[in-house]
Each structure stands twice: as C-alpha cells, then as structure tokens.
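Letters A, B, C and D mark the chains in the order given here, with residues in each chain numbered from 1 onward.
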C-alpha cells in the first residue's frame, strides 16, 4: 500500500535512506532448501557499485551485504530473508545547500508536497541508493530461477543508446558488455561514447540513454491475465526504476507503423515443440510468456543534477537558482543496467511461483 | 494473485469471457455518498462500443450496464459495486475454425500452454471484450475524482499516430477528437487516415497506432514510492491493455537524447503556487504527481486477425495456416483510446484514496 | 482493503445487499481443469437455504445459482468464476419501520456511523444473506480440495450447544446430524432442543449456540507462519461470520486450566508415519497443519431481532424503542453451521494453493 | 503471502530467528510527521523482556531497538520504518539435543514437514522471540493512535486466569497490574498465583492462562465488512500469537447461553451522543467499532517445554522421548499480555488508516 514492496509470492520490501544508518530488504516467499549465501549476492552488488569508473558517481560505498535471517546451514528455510547494507560514505554536509531548495527534475518538491517533510540528505528515500537492495534481492531471484527452471534463466542487460548515439545491432556481442564502462554490446559504439561522455562530464552536464534487458530460457506460461500480465508487471517494474520515462517490449513503439502481416510471429514445429519464426512480441502474448526470449527496453532521462544553474523555488516559496556541484553520474542510464536486470529477475521469480500455485 | 484485479483501495475485479453469458466487474473501496447511477456509466460504454463506424469490429453489443449492488437511493453506500453486462451478440459459430488452431499474435497458444484448456470462442477471457468493464469501472473512477477533487479531473485521450502517419501537434484541437472515427485531434490527419485505413481494411490487413492520454488538474502528491510510483502503476495499467507494446510518460523515449539542461522543468512561483515552465516529466517526479498535467503515450500493435494466411500450429502439434475472416478492427488502437482513459482514471482514483489514508 | 474479499491465492470477492437485485461472488485463482458445474454448488445452497423448518426465517428464496464465467465445457479454465443468485423474495415493506431506527445488536448504528448512509432494507450488506455466497464459494473450494488432495478432505459441522443445553459427546453420531433441524449430532439432545426452541420462538425471543466444524484428511504442512498461521486465518474466517463472538481450536479455552503434561499430544510412529496419541491442538502446531483432524468451535450470539421492545435511538438522535415482528431465526447458530463449513473449506483451499507455490 | 506481514495500510513485516544474528521489522504506511524516537519503543520492549522475574525464561536479552530508517529529525517521514534488535544471548548449544527430535506441542514437526528444513536453534522462526518485534511495532501503532485520535486510545492488558484460578472481577484494579509479575489486576489472586506458579515451576511443569486486553476511546466506525470485520481481524491477530488457542470478544462463548433480551446492548442518548447501557458486544457490531471499549480475551496453552519426558519421534522416524531442561517460562500467558496489547494496537492503527481512505 505504501509502495515499498514488489511482487506477490516472491515479495520484497525495501527500506532505508541514502544517508541513514543502513539500507535493507526483506524477501518473503522464497521456497525452502535453495542454496544461498552472501557470496551469491555480493558480486551483483559489486557490479552495480558506484565509483568504478570516472563515469559514475564518486561516492564510495563498500556495499557489503549481510544476510540476517532465513538461511540456515547454507540453505533457505522458507522464512523471510533479511538483507542489510550499512551506509558508510554519507558526507551529509554535501547536501546542506539543498535542504530548503527543490532541485528541478528531482523528487524534492513532490516529496515535500506529499509528506510535508523529507529527508533531504542525498535525496533520502528517493535516492538511487535504494536500487542497491533491488540488485541484492535480484540476486536471490536469479538463484531461485536457476534452481527451479531446468537449464536456468539467463538475464542480461546492455546499454543500446547514449544521448543521440545508438549502437549498431549488427555488432552486438554480449562478450563486449563487460569490457567497457557502459555495458555497451558494441565495441565501436563504446569507444565513441567514451569521448562523448567525457565531454558531457567535463561540461558538468548529463545525458539520457536507452537500456535493453532480456531473459532467455523463460518457461512458457508465466504471467497472470488480465491485469497482472507479465508485460504489465515488467512495465511497472522498469518504470519504478529512478529516472525511467518509457518502457517497451519486443518491437515496442515501432509496432505503431507495422501491418498485421509484418508484426506476426509465425509458428512452426521444431524438435516437437512450437517454434516462432520471429520475436516481434518480445516473448509475451496475451500477457503470458511464449518461451521465446523476453526483450525489453527502457528510456532513462539525463541526471537532473547538473552544474548549470536552473530556476527553482525553495520550500518557503522563494524563487531561487539551483546548481549541483556534488558527486554525480553524467549518465545514470549506465547504472540502470544492473537494476533493470534485477527487476526482470524479480518479476520472473514472482510469476514462476504464482504459476506453481495453480499448475494443472 | 490471479490477475483479474486492479488497484489497492479503489479496487476492481473483472470477470467474464467474450462468449459467455455475461461480463462483469466488482468495484470495492468506493467511498460512500457519491452520487451514482447507470447513466453515469452508460455514455462511456457507448463511446467504446464496437460497430459504430466501418473502422471497428461489426460485432453489435448493446453493452447495457446494470448496477447490481452498492448503490442505494442514488448514492454509493461504501459496499462493493457490482456491474453486469449481458453478452447478446455471441455468434459462437464464427470461431469454430480456431478451436484447435493458434492464431499468431493472439493469446491462443499461451493460454493453452498456461492452463491446458481455453475458451476459444472469441478469445474467451483474452478478448478485448473485457475492456468494456474497464470503461464501466473507469466511469465510476471519473465520478469519484470529480466529486473529491475540487474542480474535477479532466481525463482525455486521442490517437496521435496511425501506422506511419503522425498528427501535427500544432493542429491539436480537443474539439476535433469527437468529430472523426479515430479520436484524432488533428482534422487534417483524420481525413488522411480515413483513406489510409480504408485501404488497410479492404486489404484485410491491419495497422498499429499510438494513443495519448492526459489528466488535467491532478492534485500534487499522488503516487507511492518506491515500487508503486504513479508512473509505474500507470505503465502497468496501460501495458495491461490488449495489444499495447510500449508506454512512455512525458517526453518518454525522447529523453534518451536529451541533456540535463534540456530535460529540466524549471520552477517559478505564480499566484502563490509552484509553477513549472515546461512539462518534460509528464507531470510526475520521483513517482509522485507534480500538479501538472499527466501525459502518457502507448503503442498499440496491429490487430493480429488478418486475411493473409499465416503459418501456425494447432494444439496437437500439426503445422497449419490461419487466416481470419470474421468481424475485426483494422486498427485496434482506435478502441484503445477510451480504455486508456479509463485505466488512467482508475489509477488516479486508487492513488487519491491511498493518499487520503496517510494525509498529514 | 474494503473487506469484501477473502483468501490470497484462492480468493473470493462477494457483493450484494439483502434486498438488492442480486448477490454474487467472484472466485479468482481456481486452478484450471477442475470439473465444475452448478450441480456441484446448488446442493450446498439448498442445505443453507432458509425456510426449511419452523426454526429458521420464513423468507423464501430459491437461491438458484448461475455460473457466469470461468467454466468451459464442464471444466474450470483458470479465469475468474462468477456466481450469481437473483434475489426474489424481497418484501422491502417489511423493513420500512427500521429505516430510521437502530436495532440493538444489529449493524444499523455502526454502518450509519461509518458510511453516513446505509441500505436499511433487511440489513443491506450486513445481512446474513451474504453468507449464501460463502456457501456457494465454499462448494467450489470443497471441489478443489477433493480434486487436489488424494482421498479428498471431509469437512463437516454440527451444533453442539443451544442456549444452556450441550450435547453429550459420547452420543456423537455424524449420521444424526442431517436428521434434525439443528445439525445436532446427538439425537437425544436434538429432541430436547426442539421443545426448548419452540418455547423461545413462541416467546418471540432468541437464543445463542455453539457450532463445531472439523476437517479430516488435511495434508500436513498447510499454514503460513507467522501472521497467516492456519489457526489465525481460521479464527478470522469464523469471526467474520455474522453473530460469531468467539472461536477456539482444539481444546480451546479449556487449555487455560491444563498443565503442559495434560496438554501434550505425544507422538509415535504408525505405518511409517507420525501418529499423534491425542489431538488437544486441534490439528495445528505453530500455525501449520499436523495432518490430524482440524477441529474448531464458534460461539454464536442470539438473534438480535426479538419481539420485546428494546431501548434504542434513531439516526436523528431521538430515543426510541425497537421490536422486531418480521421473519427471523430464533437461533441463528443453526444456519451458521453450513457457513462455518464453507469458511473452513475456503481457508484450506487457499492455504493448499499457497503451499503449492513454495513446495520444496 | 508467506505470512510474515500484518495489516494493510499500516503494515508490518517481521524477520529473524531466535538464534540468528538479529530480529527486525519493517513498518510501512506510517503517516508522515508523527514524532518518533527509540525512546517511544524501548519501554514497551522492556516490559515484555524475559528474565525479569523467576516466572519467565532466564534468557537475558538486552532487546535494545534501533530505528534504521523512516525517521528524520525526530519525525516520521512517510517512508518505511525499519527496526532492528541484535540477538545477544544465543547459547546455541542448549538446543543441540533437539536438532533431530520433535518436541511435542512445538512447531518442530510441522516446520520440518512444511519446509523440509528448519532452524532448530531455539525454535528458529517459530520462537516467541519474534513477538519482540510485534511489541516494538505495537509501540509505533500506539504512537499513531495517540497522535491521530483526539484524547488518545488507551490499550491495556491483564491476565485474568492462571490454570484453574480466575480473578475476582469485582477486585479489578488497573493500578495493580504492574505491581505483580503476572499483570494480574486482582491483588489477592496475584498473591495466590505466586505460590501456585512456584509449585508448577519447581515441578518442571507448566500451566495455561487467559489474557484480557481492551482499548478505550476507540473511534466509532473502524472495521471493514464483510471479511475484514474489526473482530475478525482481531481474532486473527490474537490467534497468531504463539500458544493462543481461543479468542473471544465481549461476552464471547457465554453468549451461547444468552437470550436475545439478555444479550442486547440497549442505547440511549447522553451528552448528544449515542450511549450504550451495556457492552456485551465488546465494542463491535457488524464488524465495526461502536465507540465503546473493545474487550477481548485469549486462551493461552501451557508451555510445551516441560521436564517430564514425553513420547515423540525424530526426523528419521525413530520413536524417542523428549524432555526440556533449558530456560523456559512456566506460564507463557504472562508474556502474552504485552504481545496481545501490541496486536490490538496494530489492528486498530491499520483500520484507522483504512477508514481515513474512504471517510465521507
């Protein structure tokens, strides 16, 4: 009801502010007897962690996760799994200047209007710091998917557009994704982006981007029509990530220009199973997974924290200007990649368990 | 859990198949003492009703709604409101041919895979017929918004692209929307679309489109971070509509190419209130409404029912061809307009009540 | 949220007022491919139906149930099952006298206070008429339990106390239960009660009672600690029945006087399975079913509608007297028996599906 | 779904095992701008804390609570409040003997059967240690009730029966409750119980009890018919407490023997408000609070951990005997008092916020 939970059977509830003592997550509904340890979670957090290149915020957090409950002798017990990360690099003084002022594009104004109070330090609850817990919980969801789905489910993400610069999909190479600071699957584009983003960063500006995530080997039949269609829940999952302004599945907005013939994913039999000749649908029909790869894209807006002074107001109604000098990401889309992967994993884990409840 | 409900406080649950005896909806959580009668609902159903032009399916349904409960002496009582529409034009024989075959692009294959059984008549539960109840429930949500928000909330929709043809936003005129069969706000575009869609229709083909919906005079402060952000819930609401493949808010996918400066909605004071100088954000920051107009767009795929035979399989694993000769919409985006409006109304009504629970 | 739903996976939502056009129920989450027809439901409604002896209200309702959705060719499809019963014997004029007055012991005052409006005809939503839909939904739950649990689950109820008169448990005979108008398992007590209740009825008075329900062959492992313990959910289910003021499981309130030794259900092995030597616990330990019979009792207050004038007030704040001359049950505990059985079935069905989601 | 949450708007989720590193709770849905600090919570934990007399377990926990989130500059912010208590006195070795054996009356057998694994140390998740977080969350609920209800809501509990020994209600004195180790409101009974319980304790036995809790100054109109009646939710709340086997409200099981005349709470006007002449109903009619005091009783079984060897089995199917020599409460009903108070506070807080959402 208050919006800090995601999922129905595999359900996470996160808590914590950017500059509070800790952030955490409770995962309820994890089946018993899955092997689980902190080592299953920490690598994904490390992947998301800020301060790893000059293109992400220089805030330095160890982001060391502890499992407080729900695991016994290396296995889940079916009871809630609590994860905790202490906040260590808080530098509250950085934010004193914005205690009273609303940063354009941030949630400062709306939190103040909604609650009449806000923890302004680093954005408080609205900070992207919360996404660390999504990544941690997503690691547990991945573990579940890999344990319960024969062959495992492969969930991967990449950045496919930075500012006006798109990748060339012909050059897509998953092996390249980890070799550049942008999770870019196109080595040539990555090289180009590096110079481009350096310019943005040095200008104290920021830029948007597009992220693509996919899941391979998803079982047929996941998704709960009518309102909890798999794509509907994925759209919600992705749009709940900070700074995301658009979500599309399969051909997405391009379908508007297509004819029924061009958009059809025709079917044949192959090795005794239904085989689709294309995947315009992005792996979902009628809100239910088809067994094809699920493919989503999300548009991420440029960081609102920029050096150029912007017109704003303060909470007393005075007109002011705001510019940001602190540690910030010139392109937050980069760090959205592991978060989008996590949300995809969480959504699939939930629907997998939901399906088990009614499996015929 | 099974996906037939939407909303938390203002919560609807729909039921019914395309060719069953009736479709219906239970609306729970409506505050007491709102004036309500069938006359508040029927006009919106009439607007959505098929068979009103040669561009929508020729199925003819009276779509006459009855209120079965929750209203007494012209006012809501706080108890659940049940709405019922009898199905009258069912022609089940039209669908005999597809009992065994999976129509490409439809939910036939996935329902069969998920449930091991499906009501194939007209798509059963996966039929767009279910959206009639969304429109009916949406009418109740509109009523609630207009009663509880001073000045009322104006929710409107329009089609802004048909196939490759976009409107000219300079010519946008809300008065034009009701004067053409496409809910098109640009009279010139509407005229062009008429010829274009006639060609599509006569060819037995279909075409996609883009719908835009907006809400004016939305109170500041609606939306429940972190996972139930207003835009996240709207993305889910829109993506749950049949055939929708993408959702964007405000500038949407265009933000990817923007700099932080270009994307900022700067603020000034005006008449003692915060006034935004632009609305790139589409009326939502940090998942909470800003008080500006909420603006969304959704991409609708072309109807999958087309005359051209498509490769498919049947449920016994035989390779077959499928073509559709029945009554169908050449451009389902048209009929998505009132449904998208309804989903916007439902989402806002739910978040309005949620906010009242914690209002400081 | 508004309280008209029960269950999480197997979830019912009921609607309708005593004197509205119809009452109904939507059951969501029923697994596909269970055989189901109106004939599976109607007999249970007939059992609950009023007017079958001089000891229940003389209101005469056909209570003829129709399935509006979710069933195709004799099987459930996994989509929501809507059930509808038209109200036929409404006699609204009977209730004109109480439009303004609050009947002591009824919900008149509290509904008026909560909602500022109430459908006073026959108690509106607070009428026991709503329980017809519980019984109908309970019939579907029984079907599910019998299909999914090997050997089926036997759910039975009986009245074990009427006013001060308790049964002799030594004479308990399930075969007797259907042979008297009280669902009494003790033939001698039943004979005694008949005379006793005739006296109550003729005096225009009413009397309380105690109902016992049990479920045999319940699988081990149902129930979701900590807050959704099986006994906690059953307590809620039973206490939600009109006029119930107490619930106990197993030895219930008698445990207060027991020592740990006397209360222990010791265990031995029998035929390779754990065998309990007693069932003080009523079949539940730590909120999870043990595999023993689940045994519950509920205390039902006397009907508040009596002939003796009672002091009350009206909704304008005037002091008045209220007496009831209409058709009423002298002992509502009788009709609580099939309702309690239904609530037990609904709770078990929900927890059975919940367990399937996480089954190791 | 997995049962570790309670409430809908004011919603708590607890985690942690008896002998894990910590126990905790996330409270979501707390309105912003309530004053809150650890000092508001700690006193209630101290009241519940074990080891304060010879009549409760000698486990010694500091039970020092920390607020990790959701509070800023002394006020709630509307974001989730996380509470954490480190486990300090764990002595896992005490429990080595029961790793394989099922203690009769405990959840050992059912957890093992449900999950196929259990954290046997101190009962793991099924330990009453979890109730510390209920008390902590209940303290926040009390704060909310006192801030939002004019005059505040007074929630109190007492033990009214120990084994066969009941209090004399004529001697009820709330001031006495805190002056004896039993929360007994009758000083004479308390004196008697002391000797009685010493005997039980020295014999290594245990005894049951009955707890009564009440709430004064509850607003009229709380409770959500039909399934979320206030008494239904309270019954669930109380039955979810470890060892509780029965719940009754108002006259409870005694109503079975009453006539309609004897059970009626007649109404008069007093100071312009409705005034009830009695409170057989325990403050709830039709599932909605009447404004009278809410009065509940719960039956608590004797501790299952006793010195006398009991027949049991181990998880390999061997027949064994089990006796308990560790630190245990001879009468767990004593420590159920603050927990029952907390559950009452939590239920009322949730329904208060639910009512605000639809207030007319």
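List of remarks:
Here, contacts are C-beta pairs under 8 Å (C-beta built on N, C-alpha and C of every residue); 3 or more make two chains touch, one makes a residue touch a chain.
Quantities reported herein were computed from a predicted structural model and do not represent experimental measurements.
Of all chains, the one whose CA centroid is most distant from that of subunit D is B. Set against one another, B-D and C-D show the most C-beta pairs in contact at C-D.
Measuring from the averaged C-alpha position of subunit C to that of subunit D gives a distance of 26 Å.
In terms of their C-alpha centroids, the spacing between subunit B and subunit D amounts to 46 Å.
Shown for subunit B are the residues in touch with two or more other chains, namely 1-5, 8-9, 14, 29-30, 32-33, 78-79, 114-117, 125, 225, 354, 357-358, 360. Within the complex formed with subunit B, the residues of subunit C that make contact are 1-5, 8-9, 11, 13-17, 20-24, 26, 28-29, 32-33, 66, 68-70, 72, 75, 77-82, 84, 114-119, 124-125.
The part of subunit A that touches subunit B in the complex is made up of residues 1-6, 8-9, 14, 102, 104-107, 109-111, 113-117, 125-126, 130, 161-164, 200, 205-210, 220-229, 231-240, 242, 245-269, 272, 274, 277, 280-282, 284-291, 299-306, 308, 310-313, 317-319, 333, 354-355, 357-358, 360.
Residues 1, 9, 29-33, 78-79, 225, 353-354, 356-360 of subunit D touch subunit B in their complex.
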